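Both complexes shown next keep chain A, but they swap its partner, so chain B is in the first and chain C is in the second.
Right, the complex of A and B next:
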């Protein structure tokens, strides 16, 4: 990333601050509209997400899938790919991990499940990468279509052959406790599962690889200027194929971690939109994967806090999507603005 | 320099177009210097000259897209002053540029009317009027089909009909045959003659002398912004025109004597398919020995780009062999070719040579990223890269505010110096340079070529493309010529002979 004059964009970015202020007003107005006291709602949001050990555990439980899915999207973006298929990759990864963990208990099963999840996510993304690289088909279209393919396959399997014998709803049996991801911290009400550590490590690993790896350099080059990358001896098509596959594999990892660390069985709606929220997580993370950690945390807080204000203040959880949407608009505006400034 | 007197005997009114004393300056470049152009009604008039001679500028002034600094333009003897192309169009001037203005997704009829609708768009009579127009020219169109189905020749015909649809009497065609097959080209000229017979006036901007000799009645030659001659085609010949186009320097630059060693780049019978059906390169052969700089002369678009891309491994040739530094590189990837010692100074530094948002440091590694000192195995060598970037920036005095700043912050000339220095940095074997001095002043140009020369003394060889023949004559040991996808080797006794090179550049192959 280019070094910029520190805070220069803050000084020039008055339009951005207008946007931020406007967004606050929109949220304020929305709260008044549903007849919730804005001040109390804000307090409840923070207390509900960060106010107790229990609340923090719940928030971090949301952060983990958001972070890992965000990494998947981020990797694609660095190669110039917009992977909208993380939702599907998450689901197929979770399904594959469940299948392995159900048959193979114990730590071996856990590791096998993680690998299976990543392989499944990678394989489902591979065709989108191949179509993009060798036929020029846009990855947004193909990954959206693959989301539907995965969703329908998962629904069919769980409604039929994979349905747990005694279950009423479409879900698989639970995996054995021996193959659960170990807890990272478990003190009283504070429970943090190992998945969060996996996410943080993958984010750091990705950051190092992009900066310090020759192949990471080549991937960024292919994403930043495909023509210059080709002139630099980089097989840009192969980079696209690999980047899409690895992006899918990380999406699959997010699904596997969700099953092994939090849900312990599979249902088709396991993801509940993490793959789509991940687009926002990656978008506001900025230039480095490390930025995904605060960005996923913010999303996690809003998710968890949104649930608690729904309970406490009868404010629809949807209000949080208004906030998230505005955040993404602001992030996009900031990013686009920087580009305009540097182009000028 | 032959300067012909303006034919005062002819009445002003005989000329459909009469431009006198037109000058135009862009920054420090005098693009046109008191240029005259007189075009008789009902003729096909050629405007010829090298790249950068001022042909397109002059035509854009006539078309109202540019305003001349001084000079007078008369149409049918009456003075006019266009501030916009719209005014020129209203006065009956039409221009087809090198790049077609056809929208593939629209039907032929919609394309025909595009921008000239005037009345209702769904004019029911439009199709019959279009048909009538086409019949007059002997063209056939399926008006309801999408324009994407048109061949290049068909698209060109549609462009001409677009001009007629707008009632153009004076038509400017800029390199109309650049994308056409020979037979489509012949058909085009047949229609142009027909138009001229019906009283229209055609100005043909071209590099190609055969087109001038076979199809035009008068020709104006521009060189370096000056009008050097206006001739009746019957009274001239290809040899004379080629000489006028390239010009003759007073003193032939002294022959450079390089010690030529083993071949570092050998291209044999290379054939590359073009985008529009005909071959972009036809059986091209060239050999560059260590120690020598070989210049490729030729007008823009003669296949230089394709040759470089094929050597770099970016496009796949249909036939032929490529050897780099003595190794068969036929099946080698671009990366392997770089490892063999191939270095490129690309034509377009923004698109092909740099990533403008990245720092100078990271850009220093671009294309060399897998080689030491930029990498150690598969890890980036940050220290090595830092030192290398500093050395590259220093080589030709790239002015920068810090190696961590984005390359975007550099001026164009500094970017070019940086890209050139990078190509010479890491013991190059074979150097491909596409206009390596683009945008540089004379002093920097000399330094870049001296840098290439130095690399050649160290065992490399260089293949240089430039559209400036003087530059090639000054800095290269030997010159070869590309023309319509073929490579011509002037015979060794005349390898630096302007006349012969000029003829090869613009003659029929």
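Right, the complex of A and C next:
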């Protein structure tokens, strides 16, 4: 890097604080613009997402898909890949899981559905990985394009051959209760489905694999320094292909879990943006997959709380996406500054 | 048959115009070295702000200015993030898309309650003339002027161009300001054509524009042609809905997904490989 780059100011803390202050001002101003008292809105946000057993159940119900999708993006990021396609992998995973669960009831169907979901997610990510590894096409564009293709396929299938016989809106029939994911906790109003446990276990598993596994090391090496990885004898192309495919498989898992644990049927808009939020979840998580758990919780709180402030304070839910976008920016800026400072 | 072909032609041109314009926004930004996946968000914000403004003012030019202002403001933010804060271009682009999706939802729900009756809109002819002349002008600009040469120099090798006395940050600022203007007009075209703003009305056009730019090898005229190709697929879908071809009644979605599949194939390098600006995403 040339010496004349004016980076000194970024190393000092104030540049970051300007960004934080600007973000706070924007959100505060937006609330004032719609005449919502910011203090009360903040209180309603917390009460609406954490204030009761019912609210906490709702929040955790949001955390599960965010966490698993976040793991998918995180895995890609570790290999230096931006998997923007989690939205599509989620959708096709959910579709595949629904199809299997509709034909195979019971626990066998549940396991089969999870496997089918992961396979579908992995397969739709595979071309993006292959194009990146062997043809040099940017994975961001291919995954976005594949998202659109998946959305259109799902819409066509659910409007036509897969539509439930008596349904008014485009949706499939419900899967049998015997293949639902079992509840983790069900005490009064506090309902937490088993999907959350799956998410936490996958996050922990990924953390262990990245630290201890040989392939995990290869993945990190290929992501951190491709040239060094090549000289260390790592087949970087294969690592990229595998990382993208597994990332897609986990995205598919997120969709399967959403169907089996929470929605019980498939609609094309099942994901409602979890795949895109996942990028934020993964970016805010920091260096370790364990960080995904608090990060997904934060996003879950904003989602659930955002719905309740829309009802209670007439603040449109869109403000939450503005907050999430700004959080992504601040997290990325903070990480870059940390790197600058540690590099000297 | 003749009228059928005429409709197909018209629909192609109508659909392609905002995409081509957004692709030109992508051109000025990517040629200066900034990966721009935020075209979608910028266009959406412009459409929303422009529409809301046209609800409150009878002057359509004011609404157009507001649309351009909104996307230009986002572009300035984009410049600040990528050039001053040195954020990853993909991350900042996705963040801007998220902010745009949220902000348009917020603004639309709060301010677009007024009735659309009596709303004054610009003629679509104005937009079409603009959209289809910009690629040609840009082609001439990058080919025959010093500014165009600088744009390419900075995008291809920021470090060397700095040694030659160019200021990459300044050139990129100009590139992104142009992106703001082009995506702003594209957004205004969207709400003008529909007569109103709807949430998420860009429906991926910003990403398709980026795809057109890539298929066009980061050159203005080929990118325009790629946009027209995508528009043709889209028009075909509208025309063929419900008609059977070779006895098979394919769902319309099959035709809609063609542009995306073509883009993936193109990125795999099977449709000729365009050369990306060498300094794309570099500091």
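Throughout what follows, the second predicted complex is superposed on the first by the 327 of 344 C-alpha atoms of A that agree within 3 Å, B and C clash if a C-alpha of one lies under 4 Å from a C-alpha of the other, contacts with A are read in each partner's own complex, and residues count from 1 in each chain.
Methods note: a contact is a pair of C-beta atoms (placed from the backbone, for glycine too) under 8 Å apart; a residue touches a chain by one contact, two chains touch by 3 or more.
The structure displayed is predicted, hence computed values, not measured ones.
Chemist: Should A:210 be classified as contacting the first partner (chain B), the second (chain C), both, or neither?
Modeler: After superposition on chain A, A:210 lies in contact with neither partner.
Chemist: Considering only touches as defined above, state whether A:158 meets chain B (first), chain C (second), both or neither.
Modeler: A:158 contacts neither chain B nor chain C.
Chemist: Quick check for you: in the superposed arrangement, does A:298 touch first (chain B), second (chain C), both or neither?
Modeler: It touches nothing on chain B or chain C.
Chemist: After lining up the shared chain so the two structures overlap, which partner does A:82 touch, if you call chain B first and chain C second: first, second, both or neither?
Modeler: A:82 contacts chain C only, not chain B.
Chemist: Using the touch criterion from the header, give the chain among chain B and chain C with more contacted residues in chain A.
Modeler: Counting contacted residues of chain A, the larger count belongs to C.
Chemist: First (chain B), second (chain C), both or neither: which does A:324 touch?
Modeler: The second partner, chain C, only.
Chemist: Tell me the contact category for A:232 with respect to chain B and chain C: first, second, both or neither.
Modeler: first
Chemist: Should A:15 be classified as contacting the first partner (chain B), the second (chain C), both, or neither?
Modeler: It touches chain C, and chain B stays clear.
Chemist: Which chain A residues are contacted by chain C in one complex and by chain B in the other?
Modeler: The answer is residues 1-2 of chain A.
Chemist: Would you tell me which residues of chain B are touching chain A in their complex?
Modeler: 312-314, 333-335, 337-338, 344, 346, 351-359, 362, 365-367, 369-370, 375, 378-380, 382, 402, 404-406, 408
Chemist: Which residues, counting only chain C, touch chain A once they are in their complex?
Modeler: Residues 37, 81, 84-88, 90-92, 94-99, 101-110, 159, 162-163, 204, 207, 210-211, 214, 251-254, 256-257, 260-261, 263-264, 267-269, 283 of chain C touch chain A in their complex.
Chemist: Chain B touches which residues of chain A in the complex?
Modeler: 1-3, 211-218, 221, 224-225, 227-228, 230-235, 342
Chemist: Show me the residue ranges of chain A that touch chain C in the complex, using the header's touch definition.
Modeler: 1-2, 4-5, 7, 10, 15, 19, 30, 33-34, 82, 84, 127-128, 131, 135-138, 140-142, 144-146, 148-149, 152-153, 155-156, 159-160, 276, 279-280, 283, 316-326, 328-329, 332-333, 336
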